[in-house]
Every structure is written in structure tokens, then in C-alpha cells.
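Below are two complexes that have subunit A in common, paired first with subunit B and then with subunit C.
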Partner chain A sequence: MHVFLRENVRLISMEENQELEQAKKERRLVIPGDHLGDEQAGHGTYVVEGKVYSKYIGLAEVRNGKHIVIPLAGVYSPKRGDGVIGKITDIIFQKWIVDINSPYEAVLPLSDAVEGFVDLTKEDLTRYFDYGDIIFAEISNVNRQKQVQLSMRSPKCRKLWGGRLIKVTPAKVPRIIGRQGSMVEMIKKLTGTQIVVGQNGIVWVRGDNEDLAAETVLTVERLSHKGGLTDYIKETLEKKVAELKPVKDEEKVEEAEENLEESGEEEL
Partner chain B sequence: MIEMDDLLIRKLVKRGKRLDGRNFDAYREVSIETNFINSAEGSARLRLGNTEVVVGVKMGIGTPYPDTPDEGVLVVNAELVPLASPEFEKGPPGEESIELARVVDRAIRESKCIAFDKLCIEPGKAVWMVNVDIDVLDDDGNLIDASCMAAVAALATAKMPEYEKNDDSYKVNFDKKSESLPMKCLPISTTFVRIGDAILADPALDELNAMDARLTIGTLDDGKEIKLCSMQKGGSNGLAVGQVEQIIDLAIEKGKELRKIVKAEKE
Partner chain C sequence: MKESKVKDEKRVDGRDFDETRPIEAKAGILHRAQGSAMFKFGSTMAIAGVFGPRKVFPKHKEKAERAILRTDYRMAPFSTKERSRPGPSRRSTEISFVTRNAILPVIVTEDFPKTSIDVVVEVLQADASTRCCGINAAVLALADAGVPMRDLVVSCSAGKVNGKIILDIAGEEDTEGEVDMPVAWYPKRKEITLLQMDGIVTPGEAKEILHLALKGCERIYKDMQESLRSKYTIEESKGDV
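Now for the complex of A and B:
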């Protein structure tokens, strides 16, 4: 019985393996200027005389009948619908200018950020978002001139208080999130921290074990090309968390004091 | 480009951590590629983490300075192109690029690694001019160390062109390259920053923005012992005597590690 079970398990993993192999075959390594086909053009491609070419060095695939290229490295190129973490750099009339870790800066209009009526003659916009504030927002539109518009309408969009930011390569973000969020959920659970991942390669971490979580995120980025990464990270992280336990109390007091200060700010 | 908060970096350093998880005395990964520009006598492309520089060595014949009639001339120039960082602008060289060129120049010149007396063709009339051009492609901090290492690697692998004498003038034949540039040693510059009470090696860009003081030390190995050949202090705050001594010890140790990488490239 036991032997039978084990064989069964192996069979499943082999099937999974085949699926993975299949997925890899469908993705093709391309360089800028490679001809992809004559169908619809998606992200990371350009069209000349009805033919679709690749814009980046990356993996080409067909998704929903569209040719897309996922770049292997490089800076973040804004895309509609992406959730990004940004920093407020300027306030102009009724909008905020946000640095989204990209060559193009983003604009957050007042109407997309705050509910209800705001009397600009009486109110100061720094009341909502001040210079240097970190926000999580969604990209609502990117036009041809690469002017990026943000929106805070989605329920997950908010201001991020305290914590620390980590920079990673934007191309590695899917790996940090993992399949259906498996990787980031696991790190959150084991370290007991809050983590928000922006598609633009900025990760926000807050909690008692901030440093450990940050270290883990950077390890995932460094080893992103390896298979079975979630299990490996889980194993090493469990060990480290067990080592950390004794010192935790001291840190907690410090953190609690910081939290008190922060909540004070929030009320203002 | 989102910059990291100074306070966060200081807080982390107090806890004995760095943004990218390195140890305080650790350098980022170095990779060098030499002699990849055919039109230059020597060239090197160096990556130090995300910092990337290209150095080209070009040689020509010119008249020597009157005070050193029988010695070759070294000219170092650095260019911070807007491609490298959103902070860099086009136009005349700024303070940062002049400092970069001068510190690299000092490390190479004062180490006397190039045998300038062998670069003399006719005393008082014709000597070799060695032009070292540094181009920064990506700035993620510590440009000085990256540029200096790349410049030394480019000089160490450079091949001198041959020349012909026509009556009174000399003409360089760039198609024929034979001898290597006469190099006596390999100077290496190492940069450290003080953040709070801690000394950090190979500062990344965010750490440079948060630093109190910076000290660059050039070391050379003449086969018998390791000597200091250059120094440059940066940042608005000071360093204690003990901290300078600590940095010198670290510079000697780290210089050995980096020299091995350049030496491997030379052979």
C-alpha cells in the first residue's frame, strides 16, 4: 500500500513536470526585432506593416490571442491595471505627481484619490498625501505619450505607513508573488509581517521581522531562476524564524513605541 | 527612480544590516571584460553590482611638458552621461565627474604604476600621451572604485601601437600593435563610508546619499609590501582618527581581493 502511494505521488509530479516543460516550450526566447507573427500585438511588441515584432530581450508567448513579450530585465514600463507602489514627489493644483520607479512619472488626480467634494480654496492637499508619502495605487490609464494616470478607487489602494521599501527587478515580481500569491503569502505567514508587492519592483514590508522578510524577498529575487524555490525558501525561513524567537520581545517594545508615534500621525 | 529614506538606512546600519543584505565589509560582485573595443589600444567594461563603467585607453604622440621632457603624459577624463542616472545632465562636466576623473588620475599617477620614462620617444620633442576615458553607463554608487579598477584593467591589457619617423615628425601606425604598456604594479582604490559609527565598504547609491563621510584610499602592491598611494575624503562630516585607521586596514585587505580579479584579467 505504502509503495503504491509513493509511486502515485511520483506519477503526479511527473505529469506536473510535463506541463511545466510544455509551458516552457510555448515560451520562446526572442531579441528586439524578432518577428512574432501577423496577429494582434500586445505588451512588449511593436507593429510595422501589419507584422508584429518584439521590443525586448525576453520570452514571447501568445496570451488571449495576443502576442506578448515578457522582458528578462530592465526598468518598469507602466501598464494599465498594474498595482504599483509610488512616492509623492510634487503637488500641482488638483493633482499629485508620483514617482513610480519608472522613466515616466505618474499623475494622481484629486478626483481619483479622494471621495466626495474637496474645496481647494480652503483645504490643503497635503492633508491627504504629503511630499514623500508612500502609496499603493492602480494605473488607470497609460496613453501613447506614456503619460501615466493613477487611481485610488480600488479597495486595496491605500497610503502605506511606516515599514520599509525594498527594490527588486520588475521582471522578477511574478516570482516574488508566486503562483496565486503562494510565495508572498508564505513569507507573510512565517515572518508575521505585512507585505505589499508593486508590479513596478517595489516591495513594502512592515512588522516585527521586517529585516528577515526583506532578506527573504531579496533571496527570492537572487534565486528566481531555480525550480522548487517556494519549498526551499520555506525550509530556510522556518529555521531562521526559530532562531529569531528569543530576541523578539525586545524588538516588540521598540516597534510598539514606533507604532504609537505613527498612530498619532494618522489622527492628524 | 525612488530613493530610499536616509533614516531607514541609518536604522538598518544601527542593527548591523544593509539594504541589499551585504556584510559591512563586503564588495558587490565584480565582472570585467577587457579589450572589447578594437579601435582603442586598451579597454575594459566593468560591472560592480548594478554600477557599470566603460574605460577606453587611447595613445598618441605629443610634446612633453617642459618640466618632464623625458616622460610620457597621462590624461584621465570622466564622462557622466544622462543615460547613467536621472541625476546626470548634459553639458559641461560637473563637480562629480571632475572629482571622479581626478581621483582615478591620482591613484594611477601617484602609484607610479606606468613606467613613464619608457614612454619617451625623443626627449623634449616626442613622448607617448596616454588618454584614459571613463564613461559611466549605470550609476548605482561607488563610481570611483569601479572606474579605477576598469582603468587599471584597461591599462594593464593595453597594447602600444608602433610609430614611424618621417624627417622631423612622428606618425603612429595604429594597425600594428605589439608591446604591452609598461606597467609596474596595479593600484586599486577602495571606498568606504561612515554612517553613524559604522564603516561600510563599497557604498551603493542609496548609502552614498545617506552617508556622513566618505574616504577613498588607493593601495598598491610592489611585490614586497602594500603601500598607500592616494586618498580622497568626501561628505560634509568628519572621521575620527581611529576610524581612519580602521578604514586603512580594510582598504589593504579589500585591495588584495580586488587586485586578484584585475590580475586574473591581465594574464
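Now for the complex of A and C:
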């Protein structure tokens, strides 16, 4: 798995910071044990004697009359209906074991992965998914014992070939997707790459501008708590794409020349 | 000639009797750990790293309905004046155990059944109260890792040196003092999660020492909360580097 490291990415600039300050006023930074209010409790909170407290270091807000805390760090906890990106780690009888970047491993049964009849006496399951393959699948069920079941029935589900994987904090995935997918769609369009985002904090990127797309995704993750992010990212990305293009053309010319020289030598 | 460790009004290092050493706390110092923190009591310094919630290994230790917490306290060989032998010892096993017990009440272990949360505390410089320092570092690291917690646990020590009751014993006071009492405090529930003591005291003195330690905890609690908040405010306002 190629994981793009956070350390490689440049830190925040001044303008980015100013906009962050604005966003901070709307959502409050809380730490475990902070008192949020006396109303209804939602995700990331706990209640003692009618008072709601935060369970995480995160951003507190009121959504639908409920206090919720969006954690700023943490591992992925599987939820039914989530689309996740995973890696096949094992094949046992008629099911695949999938690593979904969570403390719990997921199981993909053959019946939920392949259509039609598969004769196990004649066919090897590696024909469909081999060890180490990356797949996008949907969580069809999670029981109380935290046994996770995957399904490939949805048309979105497929095997992901090539490309690279980026790890982000699962809590920030909604921001990367944007409202009705506006953020990913924009990044896809401007960089000309294919992007698939898993709810478990794994993002798959493939295309010529992988580097740029990966960097953009990580920038979105880092600035996820600020408003008007889509427009801001669009602006900066457009600039970067414009910078990138002429360079690429020159490279191509140089490459072509090198190729010419090489082929000339061969002829001699 | 032996010098008295407590002079008329001040202590050997010039502190008041109810004053802690300067505190420094920082969350998020290691890249490879899920969460990490550094905590300093004057020249006593500990770092902590948190891994998990993750799959339990060996598997028979896993609990079906909650996460298990495992702590490991170590002292670096160079942390003391004389080289301390690396590897587990009677002392480090004990401190790992009390650290775990001190922290466990605040962690919402039911949120991640069948997993383990592993905390490693490494003491880099030892100058008394290393277990308190270790607990504080571990708690900050857990919060930084996004482990669900009800509150922070704070730890501080107090004791008796030359007949005076003092807060946060350091250096010579520790080796030559009469009593040393490390305490960990769960502020929201007003519970004591760690209480150890060595030395001989009267019940009245013991109470007095405990109250002083709790007063110290309340103060450190604020510092720790501040350090956690500042991780994000500083990170967000950092310029291009």
C-alpha cells in the first residue's frame, strides 16, 4: 500500500489561517470532559445527570437540536451503509477477509461479491479477488460483536486497479466529499484524475496528476473545519494546474528528443 | 555537612511549600503513534505514545464487550544519575500497573469492544514524581489519539520533608524526605484513582498531604487542558515553514 505521508505536505499559509479563524467562531474546539449544555446528546458526547459532555478532542456544534462532537483524531468505527476501501488480506473457504483500516476486519462472502454460480471445486477464488487487491465495497451489516459484513452488490462497488492510497482522518471524510460530492468532483475535474473516497478514511487516486490530487485531498483534510473551502480549493487548484501544464509540455518535448537520440544510436 | 532541605520560608530550589515545579505539556509530538504527548515537571520529563484502539494480540486477552487498556512504563537508561538497567523490573511493572488503574476510569472502553488501547510511557529524565509525570503524559496522549474519554486524569505528588508538608517533591527532597505520596485525581467525579505512600506519618498529616496534592492536581488540570487546546490552535496558526 502506498500511503502518502502527511509530513511531506506544506503547512498552512496566512490566508488559509485567516479563514480558519472565521470558521472557529461557528464551531467550538472542545476537549474530553468539556461541558456542552443540558440539551439532547448526539455523537461524541456522554451524559451525566442531564448534562452533556464531550468525549473527544474535536469540534462541537448543535445539529438538529442535538449536541454533537466531530472528533479531530481517532480510528474508524464501521457503520452499516458506509462505502469503504479495503485490502484483501485472506481467503477462507467461500469468503474474503478485508482490512478496512479499522480495529475490526471485514468479511466479504462470495454470494455478495460475485454474481451467478461459482463452482468452488473447479474455481479458485483468487480469480475474482487476489491477496492484496484493493476493493471498494459497502458495509451491509455490523453486529454487536462488531463483525463486519461487506457487499459488492451496489454498482459503485468494484476492484480498484493501480493508483495510490492516501490515509485521512475518517471524521473528515464528509468534507473531502463535499456537499453532494462537490469537492471530489471538482478535484477530479481539475486534475483529471480518478478519485474514490472510502468512509473509512482511505482515498484512492489514479491518474497523471496523482501528486497534485493527493496533495489537494490532504489540504482539504487539514483545513476541513473552515467555511467556503470548496471555492478556496478550486481557486488554488486552478492556479496549480495552470503552473503544471507548461512544465509538463516541456518535459514531453525533452523526452521526445531523448527518445529520438536513443533511437538514432540504435540505428548506428 | 548536611544542609537542611527546608529553610525558613523557601525550599532548596527556591519554591514555596505549595508550589509545583514549572510545568510544560505538549500533545502530538510523535508522527508514528496514533496519539502522543510530552509532560515535564521541572527536570522530570516523560513522553507517551498511544497505539489503537487496535486488534488484540494475543487474542485470548480480548474482551467481548469492551476495549482493554495496556500500559507500559519504562525508564530510559540515561534518565537517572547512575545508568539504570533497561528492561522490565519490579518497579516498572508496578508503575505500569498503577498507571493503568489510574487512567482506566476515564476511558469509555465500551465504545471499542474486542480491541486494545496500548499506551507506552517512557521517562527521559527522572527527578522524582516520574509516575505522576508519566500518567499526565499518557492521559494527554490518549486524548490526542482520539480515544473516547470522559475527562482527563491529573496526577501530582506531595510529601513531608524536614517536618514540612510540601507539594511536588523534587530531587534531594525525594531521596532525603520522610514521606512521598503520589496521587491521581479524576476531577469530574472527584475520585482518587491513584494513592500510594511511603514513610511514616500520623493520620492527620496524611490527610494534610493528600489535600495539598489534590490542590496541586486542580492546578495542573488547567495546564493540561490548555496544552490540549493549544495543540490545535497552534497547529492551525502555524505559518509556512
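By definition in this document, the second predicted complex is superposed on the first by the 174 of 268 C-alpha atoms of A that agree within 3 Å, B and C clash if a C-alpha of one lies under 4 Å from a C-alpha of the other, contacts with A are read in each partner's own complex, and residues count from 1 in each chain.
Note that contacts are C-beta pairs under 8 Å (C-beta built on N, C-alpha and C of every residue); 3 or more make two chains touch, one makes a residue touch a chain.
This is a predicted model, so every value here is computed, not measured.
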Dominant toucher of subunit A (residue count), subunit B or subunit C: C
First, second, both or neither for A:D211, with subunit B first and subunit C second: first
Partner chain in contact with A:G178 - subunit B first, subunit C second, else both or neither: neither
Subunit B versus subunit C as contact partner of A:P78, first or second or both or neither: neither
Touching partner for A:G42 - first (subunit B), second (subunit C), both, neither: neither
Set of subunit A residues, in rising order, touched by both subunit B and subunit C: none
Touching residues (chain side subunit B, partner subunit A) in the complex: 1-2, 4-5, 8, 12, 15, 17, 19-21
Contacting residues of subunit A [partner subunit B, same complex]: 86-87, 99-101, 164-167, 202, 211, 214-215, 218-219
Complex interface listing, subunit C residues touching subunit A: 31, 34-35, 52-55, 64, 106, 108, 111-115, 143-152, 187-188, 225, 228-229, 232-233, 236-241
Contact footprint of subunit C on subunit A as seen in their complex: 6-7, 10-14, 17, 20, 24, 29, 31-33, 44, 46, 48, 53, 55-58, 71-75, 77, 103-105, 145-146
